[in-house]
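Each of the next two complexes has chain A plus one other chain: chain B in the first, chain C in the second.
Right, the complex of A and B next:
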């Protein structure tokens, strides 16, 4: 019953909620980002990060550093924190935490399948996979020729199995089929996660439905923009949108027929939460749309911490850390390429 | 000489722009979607080739010509030939109207040299190794590097004519002595 979580939440979730709130206090602040943005070299970035919680992960890295090394080590910290929480969690929190990683699992599956299609070495592909999305039989993905084999040989024993029912065909895997597979899987995953949160109920359902709806809407916008001028038909585009969210169903109908960014803007400006996002863009521009969406997402994720006794804080923390890692990646790239004037193009401050 | 220096400068800025846009595309799409492990190692035709002309007849002034989007055939060949003719004109007149090309690109968002469906399809095909639904940032990256390649070919032609002029002056000086 909503509003009575305070009576029972702490029995099983109190310790981990305290842990995740402690982790949250370790997120980089605006002062940290200002220091990082003034660095001249990647070694300077390493030196500034050594005073943060990333210090132990970067201290043994030899110079010269590479931007991918910084991202890799920062991601390892996130993975360690996640594993600590997962090992301590009981149901239903443990299932909730596992749901958070299914998106990375989908990305890894698509990476392996695409790389194999391009005749790349499996070991090389495994090194590029996100650690949060790894599972035991992932290397076996390389032997599948079509989606039916993909499902039968590997994915049937993974958490992604239920999401395959909508995209199993015997067609050989090619670039378009893989893209449709990726988006269909992600759509099914988001809908399943949404239903799971609704089943938990209470504050978790309320907060997570807002966060997942935003995610679904953002995906719909990105799919619409990215498919402009491609061979993806309107019907196929519509099928990739999730069946929930603020834009469902009327916004999706309009987005499905958009032929350029201005039509997308026209469809989105009818929804007040997204009107503010698109008002930041000039007509015909889409370059800063990602940053505008990230800023809105960060705002919503931070608000999740304002309430207690719900699982949304775990989801919010993971997403905020991922945003922080994206920020560090961007700052490192600008420093490495000697383009510090562009560093504020994509950095999203969390605090 | 001015043209040469302007071209070098525009090559440098096109490459800088391209690399930053690539980082921006990685930031937007995620590192798992934009990385070197996705490059296609299957054998396929080069989408763009470099042709050296006049190599046999006048080896002192080779003419470099870019033949873009050469992997398709059929009706698109007409569009490709039209594009090649435009590039040929650039080769024949080494004096580059750099700012005009830049302005035209800025107006339409794409290079004025390839404003047709064939080039667009071939561009999408080249990017398909990263997926068929890629961010506009990755497409902008592709255009930047395409511009850099065209500039590189123009630099080669201008350099060839500079070297020829230098050789001619040296020859005349030796003859005078």
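Right, the complex of A and C next:
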């Protein structure tokens, strides 16, 4: 049915697409951000947010507030919306929606494992986990001593199980190989998600391949930059890159041998879409690289809404909302710590 | 205003005259003033601080306080609903609570309630723990007992086997196994506790995996739910070795399973159980006492709850309003602007005076009328009868795609279609719904609503009921008119009645054999009112009634459209807009009446003379070949000449409507623009009503010629098409007779009581469901369309905005403020 998916899309996906577009129009606007940035206290933020869609989630919070409460409640709203959509969805949209949460699942697994390694309290760690990435036996992760046990005890029941095939070793867990595990899992996850979207085909495949390629490329750059100066070999580094995206395969070869940030930059500037990002930062600077990538991502996510009859809007909405929550967190932190001059440092506007 | 003197007072036809007023209120009496104005409810404040964000405004802190108090009140409501104590009795004991006192009071109550909740939660938790412990003790001892019994039985069995013959299949190792040295036996440790039932399967699985199967796990279902909301299972896990123990403990933590110590010594078990039971009953009394205390507290809150709620809502709205005022430079007074109807001037001034006196302010508030070019809000004083009709008109929202922000209503001072809608809407409805039987049903239903009005208006009704209740007076009028038209159509559930004397027709012979072939003959005078009952059931019934109703609808439609155009004339006259009279009203009148007015004339002539002329033919050939001879279709002398003149007039009217107005508007605009540039002083008092061309407070907008032209084009096309499509639904009586004949008469024919009853039931269901509900809706929709599309587009601009005064009465109604 290639080319005709628009004809039948609305039978199953129309309602939810309408819903998600409605949710999207509830994102905070430029005026909202403008007002939020002028807030003096967290109560002001609450007062302002209570006039937005976050209102019902925040209005019953007693003042004084904390940044964590704000973030928690805002995330709760996202989770509620996600659950609403998931319960309404039919195949293959429901699987697509589930795929969106696997990223959080990986992060949660890594968070718990790292936490227990540093002997933190499990309950405390669980509170820090992203609610979208929760699964039944997540707390049991603390029991595991090595990768193999981790897999055999807990993860075999989760959707992450297939991604583990590459990283089962009997080595004891330490920070380094946990980080490698995270990236291997992410690589497998992104590739799987990519394949899944290609299988759906049509506009979904087209738009999602753009979004996921960007995600994969960003991860590749981050891996390269973060592994500079560690004992990770070039081959190991090369193995962590996802096997698709704009940089695949030649860009990966170049990134794999980079020894400092300027070499990364040199490699990336050969690709026109990333040239703009790197031209924003001066030489030797990597702090604002994240922000530049986020901005580019937000731009691409917003573009996904320009086309109709595809699942990319769900992915884009979830990502945009997460970005908005990150923004709120940053603004609230700046307000709470009286660092208002730094508000604009890491807020990525979504319009 | 100047023009209002020339028109008779008609409250509903034109909006109340509004004025822009400036209030200068000293800061000390501001709060009281606003509160009194809220009681009065006739003043709409303009937001003078629109550019400021909510927390930058003057009274932001007070609003935050009110928000916090509202939160506490919501918390109380929540707690009261949970305790099942939500006060329905609206005790409005007028003890005047001050806001500050209330804040303190609310704070105290909240703190008390929170502490009580925390305490009772703590108690409840320890109660739960004890209860769980007790359960573990009971269930685990069951497990141990049964295990012991099983073991004993097994041993006996084995011993019995040993004593008996050694068969070949008895395991050889058995003896060895049995005779293992007791000292070498590993002492098994065990952990017991409770785990949530949903997780118990996963729990067991993980235990098994983590220890590679070296555990023995038993579970017992707990029948009665522990007060902790989830259902739980008691488990006992046996293990050997220290490593396994650590793992198991970790897993227990991960699953949130509560562990309780347990001894296998029976004596100690009993001891523990009695001890726990004692503690449990102690705790129970404490918890009950706490609950009683809490209920008392909530009850005392409940007495004053509604009053507090209202007070906080009022205060919050007062501060919101105060935030709309701008602070004077000296910071001693607040300056507010807003709209109010002219008739309320005295009332408002009285209120201001009273506020000044009551707050012992030395300076009075200043009330000052401002000159403005802004478009005032539209305000119709409606009552419970007219408001529903006004809502039908307002729902039209002519431009609401462009101005999506609010619902647009009639422009300030333009003729309000609501006045005519009160009669024409139910009447047009009834034209389609003419059946006095159905009309009486509707009438009785609305009478119920109207008699129980007081009671019903207080409660929450369902969606559809609410709609029906809101429009009860509309439905009442519709029902009355349906009875009237039903009598004209002579329909009572599609059965004819001889209410106004005998039918004029009778059979020719006594046997009535030739009634279907030759026809009836007239024996009496014409039936005095409505359709002769004899028509019913004849072969020519349908053509006769259709032709009658069709012609009647055309007459009604043309009359209604003419009314609309004439109202357009009155609007133009009122706003002194000659352009609209000469280039809109006149050509529209000519166009409509030369085509459809002429058709109406023909219909009336045909009715009066009893001519056989084919009006379709006349109208169609009037366009196709106007010069041809009319032949037998000629109704009067000189008809051909008249037709040619009318056709030419109609053809001229279309470009007349389309072209001159935009060009003249452009010219006017340019002239005015030039005039403004040279002499800005002399346009202070003229043309206060030429707002629609020269809209807005900012003087000159750019005149977009193409936009105006396209607008005019759309308007013309809309008019021409609208004039052509004006027919009414005629299906009602046909549908009704289908049900009557096919269901009721068919059932009658069977001579069987059961079938008859079924038939009657089906007939009633069909009448109520299809005819009374669905057909009412469809006729309602048609009438709505006739009003919105055919009537209102002739004159109604509908780009005003509604007068929404600051009023406590409205706030109190609004539940979720």
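What we mean here is this: the second predicted complex is superposed on the first by the 349 of 351 C-alpha atoms of A that agree within 3 Å, B and C clash if a C-alpha of one lies under 4 Å from a C-alpha of the other, contacts with A are read in each partner's own complex, and residues count from 1 in each chain.
The rule is short, and it goes like this: a contact is a pair of C-beta atoms (placed from the backbone, for glycine too) under 8 Å apart; a residue touches a chain by one contact, two chains touch by 3 or more.
Values in this document were obtained by computation on a predicted structure and should not be read as measured data.
In the superposition on chain A, contact is made by A:223 with chain B only, not with chain C.
Applying the stated contact rule after C-alpha superposition, one finds that A:152 touches chain C and leaves chain B untouched. Touch criterion not met for A:299: it reaches neither chain B nor chain C. By the touch criterion defined above, A:108 reaches chain B but does not reach chain C. Touch criterion met: A:183 reaches chain B, while chain C stays clear of it. Shared-chain residue A:231: touches chain B; no touch with chain C. Once chain A of one complex is fitted onto chain A of the other, the partner contacts of A:345 are limited to chain B, with no touch recorded for chain C.
Shared-chain residue A:130: touches chain B; no touch with chain C. By the touch criterion defined above, A:39 lies against chain C but remains apart from chain B after alignment on the C-alpha atoms of chain A.
Between chain B and chain C, B touches the greater number of residues of chain A. Common to the chain B and chain C contact sets on chain A is no residue at all.
For chain B in complex with chain A, the residues that touch the partner chain are 16, 19-20, 23-24, 26-28, 30-33, 35, 37-42, 120, 124, 128-129, 131-137, 140.
Across the complex, chain C is touched by residues 34-35, 38-40, 43-44, 47-48, 50-51, 59-63, 122, 136-137, 139-143, 152-154, 157 of chain A.
By the touch criterion stated above, chain C contacts chain A in their complex at residues 53-56, 60, 63-64, 67-68, 71, 74-75, 199, 202, 206, 209-210, 247, 250-251, 253-256.
Contacts from chain A toward chain B in the complex involve residues 68, 71, 107-108, 110-111, 114-115, 118-120, 124-125, 127-130, 175-176, 178-179, 182-183, 222-223, 225-227, 229-232, 261, 286-287, 290, 326, 329-330, 333-334, 337, 339, 342, 345-346.
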